[in-house]
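Below, subunit A partners subunit B and then partners subunit C, in two separate complexes.
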Partner chain A sequence: MSILGTRVMRVEDPKFLTTGGVYVDDLRDPRLDGAGHVTYVRSVMAHARVTVDGSAAAALDGVLAVVTRADLADLAPPPVPLGFIPPALGRPWLADGVVRYVGEPIAAIVTESRYAGEDVAELVSVDYEPLTAVVDPRVSATDETLLFPDHGSNTALAFEAGSLDGLFDGCDVVVTQQITNQRVAPVPLEVRGTACVWEGDGDDARLTLWASTQSPHGARDQIATALSLDPDRVHFIAPDVGGGFGAKFGVSVEDLLLAVLSRRLGRPMRWTETRTENMLGMGHGRAQLQTVTIGGSRDGRITAYSLDVLQDSGAYPHFGAVLPFMTQLMATGTYDIERIAVRTKSVVTNTAPVVAYRGAGRPEATAAIERAVDMFAAEIGLDPVEVRRRNLFAKEAFPLTTQVGAAYDSGDYAGALDKVVAAAKYDELRAEQQRRRDSGDTKLLGIGVSSYVEITAGPEAGTEFARINVKPDGSVVVYTGTSPHGQGHATSFAMLAADELGVPIERITVVHGDTDLVARGGGTGGSRSLQLGGAAVHQGALETVDRARELAGDLFEAAAGDVVLDKARGGFHVAGSPDDVRGWAEVAASADAEHGLIVDTDFTAQGATFPFGAHVAVVEVDAETGKVTLLSMTTVDDAGPVINPVVVEGQRHGGIAQGVAQALFEEVRYDEDGNPQSTNLADYAFPSAAELPDFTLVDMATPSPLNPLGVKGIGEAGTIGATPAVQNAVVDAVAHLGVRHVEMPTTAERVWRAIQDAREGAK
Partner chain B sequence: MNLTVTVNGTAHTVDVEDRTLLVHLLRDHLDLTATNIGCDTTSCGACTVLLDGESVKSCTVLAASVDGQSVTTLEGLAEGERWHRVQEGFRSKHGLQCGFCTPGMVMAAVSLLDENPSPTADQVRQGLEGNLCRCTGYHNIVAAVLDAAAAKPVTS
Partner chain C sequence: MIPAPFDYVRADSYDAAAAALGEHGDEAKLLAGGQSLLPLMKLRLATPAVVVDVSRARDLAYVRDDGGVLAIGALTRHCDVARSADVTAHAPLLAHAAGSVGDPQVRHRGTVGGSVAHADPSADIPTALLALGASYVVRGPGGTREVSAADFSTGFLETVLAPDELLVEIRVPSARGEAWGYEKFTRRAIDWATVAVAVQKRGGETSVALANMGSTVLRAAATEAALASGAGAADAAAHADEGTEPAADVTASAEFRRHLARVLTKRALVAAGR
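Let's turn to the complex of A and B:
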């Protein structure tokens, strides 16, 4: 029987549950003995000219260096994080005369001890000459105050699809709404941290750098480019990583600078940021202002949709500036809408850079269309589930290309919706809602639905590396270019290898996150890992079996074509002669007595995949206070066949919680001068267990034709479906009072005000 | 200053700065790195340890104040090869992903079950509200603690 699809407990967990993981700050590598501790002095103003004087600090005992931009004048600026981004909008190593957000690094202090770094940071003198802070992206878009005068505009990027001409002609009903998809913080529990050491001299010098990253190979290349080094001169290691959620893809300027400081001072260096620094400086997610317009007929057919996006990129464009492209690509969602137009613009502001955050551009698309469909349903007085059913792409239509150019591989959107509605007992919920309304109960019930589709391992067809090494003792080491940080690849990928090799997973080790041990890799992000990295392991295992049959053929003096693998016995025999079995150990040793059998492979997908699903959220809203309580989440998240249900359920749970958190609780706020108002976990509404219910997961598995496992990505799906389901539920709870929309997060104050405004409007 | 503290059953006498926090004593002076630091505001609970048997957030305890006391960290929870039932519960219910909140979450759960051996799911949720997790959505953490509660405590 295949191990695939069975509930295998994670092989990673014993370490985490006994000695704890080894994250960057836990490293006790002797090469890091005597490391200098780096502390960054960060801007306290959003937009200002700055003059820095570190001389008083530099003179103190225990201070190894105080470094400012002037000390780094010989370095070319760090490369922009993505090729799309105009170089004029790139960030400097350290603030170069002007700061552009609160938290921007101005100086780096190197001290003998970590405590001393915090003491000394306060002694670096920074003079600020305030400039006009541009915080609101709508103000930025006017270009009245330019953040980068050399660029000549505050617009970093713009994308568009479809024509606005006559878009809503012929519609009986047209509904429009401005929606804020608010800025949120990724908040991995482990903050950023880096350690590094140089070994050797001159051209032979080699950097070893450990960082909390999702993509060690990409990060290695980033560092090599920034320091004008051959990539072979950099050994990059991602040790255990305490969560990333997109925000740790690549490395940041603070990581890069460590390598520079280490080289110049001739000492190993360490840096671990504080949570406050993380909230100020790692970057945030979402941050779109949207205008949706939806039109159709009174019988519930949607025929036209437009989405206008103003993306707040923050001070220095990063992934966030590019993500509206993904929002555009997924704009139509699960709906077959005849005419669609999208306009997006990404602008800079004096706030922290916007980066990738779980879903990264797709949750924003789903949130927009799912609110729009609900508002359309409310306008024509039809049940939101029924309106969805009348507009979903039909199961028979796949594969298909949407009006905005996305090539959906496979799907059954109506099937997902029907399943989730049945599992949530939707009709009973509607009856209970009506009963409460009729009885004058102040605890109102809200039922929210979302139907979603997203893109994973895209937008281009991806590739990933795997090596299968069968050792001469018959054990197996799998090397992968993905870089898990909680996703359980050591378990799932061992299962994939075990399934083809007939070697028990106890004898399979998975290696990742080390650029010296793994030849190449794309890391973990965008829900790419299983469908690319897992498929590469699968492909590599098949190739290993083929190679082993040749080797066994030599041992048997038989043709490889006559040799079969008996997976149950973990060995090879000649077809028809099952008694003479040569085990993996013998066959691998025959390839190379020392190293065994090694097979390298690169898997390239035929295209991005499109997981989909449907969520039902149920909330209770106190009509007197506006307080929202989430009662239940029932979800279908179809990412194709499941390799390990334990891992996939975990991904769904975590994703759902983050989606719920955006709808109900979380928001990164700045005041009008660009001062951050949510700089730690006391101010930022990160939910605890007490704010969330159990989640009800409904299974569904529609294979993708684009990879041999038929799998799609599950890492972000829960987040994408949950946010609009919960927001729709909150609005639904108070819709009968005349409320049409409530912005996220749907705090008690917002809901209470919406109820009051609706009552005022009704007078 | 010099202080003596028993950590996971072993007495240590250490010389630390007066302002040293308990979590830094554990991590930087004793190299017990399971206990993690996740915030600056005593909000996340990643640093939770047991101090004389009760859970505390070690980022907000001065090392000087634990002179003469006894600390248990995740590293000291199992008895040899025999895991604590909370560790077993987290393993069997997949109550962790990236593992960063796990040491603190496990120690908080141990303390919770000491105070309330048979909690309801809601009591587990309320009892762990000082410990944050970004990966699991808490679903499997709650299941893990209930599983541990249902298991018979190991008596030695």
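Let's turn to the complex of A and C:
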């Protein structure tokens, strides 16, 4: 019987639940003894000319260096994080005469003791000459105040698809709405941290750098490029990583600088940021201002949709500036809409850079269309589930290419919607809602639905590396180029190898996150890991079995084609002679007595995959205070066959929680001068289990034809489906009072105001 | 997130604490549960030169029935107040309020005296104590004095305490058998009140205290007056925000706080049987 699909407990967990992981700050590598501790002096103004004087600080005991931009004048600026970001919008190593967001590093202080760093930082004198802060992306788009005069515009990137000409011609009904997909903070429990050491001299010098990242190989290359080094000169290690959520893809300028400082001062260096620095400087997610317009017939057929996106990229364009491309690609969602047009523009503002955050561009697309469909349904007076049913792509239509150019691999959107509606007992909920409304109950019930499809391991077809090493003792080491930080690859990938090799998972270890141990890799992000890295392990295991059959053939003096693997017994025999079994140990030792059998492989997918699903959220709204309480979440999240339900449920739970958090609680706020208002977890309303109900997870598995496992990504799906379902539920709860829309997060005050405004409007 | 340098002195009794405060004067800060002081120090909003740790001063941690008056040592932790049989019998409002502070970790470290001395207008304990008509026993080199809850806080995080004085005891006249109500509105379970309302009946009178409706916890005077002249809950509650000056912050606007004060007062009054 195959181990795949069974509830294998995560092999990672005993450590995390007992002694704890070893994060960057916990490292006690002797090479880091005597490390200098780096503290960054960060801007307290959003936009200003700055002059820095670190001399008083530098003169203090225990201070190894105070470094400003002037000290790094010989270095070319670090490369922009993504190729298509205009270099004129790149960030400097340290503020170069101008600061562009609160939290931007101005100087780096190196001290003997970590604790001294913050004391010394207070003594670095920074003169600020304020410039006009541009906080609102709409103001930025006017180009009245240019953040980067050399670029000549505040627009970093723009994308478009489809024609606006006559888009809504012939529609009986057209509804339009401005929607804020608010800025949120990723809040990994482990903040950013880096440690590094140089060994050897001159051209032989080699950097070992540990950082809390999702993508060690990419980060290594980033460092090599920034420092003009051959990548071989950099050994990059991601130790245990306490969450990333997209924001730790690659490394940030603070990490890169550590390598520079370490080289110059001839000392190992360490840096661990504070929670406040994390909230200020790691980067935020989402941050789109959207305008949706949706049109169709009174009988519920949607025929035209337009989405206009103004993306706030923050001060220095990063992944966030590119995300509207993904929003555009997923704009049509699960709906077969005849005419669709998308216009996006990414502008810079005097706020922290916007980076990738769980879902990265796709939740924004889903939130837009799912609100639009609900508004359309409300306008024509049809049930939102029914309107969805009338517009979903039919199961028979797959594979298909959407009007905005996405190649959806497989799906059954109506099936997912039907399942979730049945599991949530939708009709009973509607009846209860009506009962409460009729009785004048102040505790209103809201039911929200979302139907979603997203793209994982895209937009281009991805590739990933795996090595399978069967040791001479018969144990197996699996090397993967993915870089798990909570996702359970050590368990799932061991299961995949076990399933093909017939070696028990207790004898399989998974190695990742070290560029010297793993030849190459794409890291973990965009829900790519199982379908690429897992498929590579699967492929590598099959190749290993083939190779082992050849070796066993030599042992048996038989043709490889006559040798079979008996997985139950973990060994090989000649077909028809099951008594003479040679185990994995013997076969591996025959390849190489010291290293055993090693197979390297690269798996390349045929394309990105498109997980989908449907969510039903039920909320209770206190009509007097506006307070929203989430009562239930029922979800179908179809990412193809499930390798390990424990792992997949964990991914769904976490994703749903973060999706709910965006709908109900979280928002990074700046005042009009660009001062952040949510720099700690008291002000930033990061929810806990106390705010969340149990989730009801409904199973559904539609395979993808694009990889041998048939799997798609599950890492972000929950986030994508949950946000609009919850937001729709909140609006639904108060819709009978005349409310059409409530912005996220749907705080009590917003809901209360929406009710007040609807009452005023009705007068 | 790293506090400025400070010296640490451990004082395991009132006498030791008084001596340490005498020696270091206004350079020193008492550390009780640390649930308010330490976050402020980590953000460098508080930079005491000396921290006098009284968290183990067991002589200041107790709950006693003092013949019609509940006497609670300042260093009694929220969790011990919440589950004390004496508090539950004589001042159930206080037990309830203590049980609603933050989360279990906070309740197992934070002290009721620390909460009162910190004088955060959004705190649960001083709000409940104000409605209960409690008084606070303050001791210093000049002797012992008793200050009523109404007179204790003089502004945002400010009190009548002199730098060399300790809050040693909280005295609550028994409200055994009397009706009460407590309504706390938060974004998340762990949060301080956006607004909270404590209602305590005693004899024929009803007192109503508000959290986070100004720079100190305060009495809803207009509501109390309306109730005294016979108004019903809804009518009286409509005056709850009168004379208050609530702040606006990331959690709520002043206008919304006023609205909440009215709604929550009505609910607390109804819960108290008005």
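Everything that follows uses one rule, which is that the second predicted complex is superposed on the first by the 763 of 763 C-alpha atoms of A that agree within 3 Å, B and C clash if a C-alpha of one lies under 4 Å from a C-alpha of the other, contacts with A are read in each partner's own complex, and residues count from 1 in each chain.
By definition in this document, a residue touches a chain if its C-beta (ideal position, glycine included) is under 8 Å from a C-beta of that chain, and two chains touch if they have at least 3 such contacts.
Quick caveat, the model's predicted, so the values are computed rather than measured.
In the superposed pair of complexes, A:Glu386 makes contact with neither subunit B nor subunit C. By the touch criterion defined above, A:Asp516 reaches neither subunit B nor subunit C. With both complexes superposed, B is the one of subunit B and subunit C in contact with more subunit A residues. With both structures placed on the common chain, the touch criterion links A:Tyr115 to subunit B and to subunit C. Shared-chain residue A:Thr274: touches subunit B and subunit C both.
In the superposed model, A:Gln677 lies in contact with subunit C only, and not with subunit B.
In the superposed pair of complexes, A:Pro14 makes contact with subunit B only, with no contact to subunit C.
Once the two complexes are overlaid on the shared chain, A:Val646 sits against subunit B while remaining clear of subunit C. Touch criterion met: A:Leu692 reaches subunit B, while subunit C stays clear of it.
In the superposition on chain A, contact is made by A:Glu624 with subunit C only, not with subunit B. Within subunit A, the residues touched by subunit B in the first complex and by subunit C in the second are 114-115, 274-276, 680, 682, 688, 690.
Partner subunit B is touched in their complex by these residues of subunit A: 9-10, 12-23, 25-26, 28, 114-115, 187-191, 240-243, 245, 274-276, 485-488, 646-647, 649-650, 653-658, 680-682, 686, 688-690, 692, 694-695.
Within the complex, the subunit C residues that touch subunit A are 1-2, 4-5, 39, 43-44, 103, 185, 187-192, 194, 250, 252-253, 256, 259-260, 263-264.
Across the complex, subunit A is touched by residues 17, 19, 27-28, 31, 33-44, 46, 74-75, 77-78, 83, 87, 90-92, 94, 96-103, 106, 121, 124-126, 128-142 of subunit B. Touching subunit C in their complex are the following residues of subunit A: 114-115, 117-119, 274-277, 624-625, 627, 665, 669, 677-678, 680, 682-683, 685, 687-688, 690-691, 747-749, 752-753.
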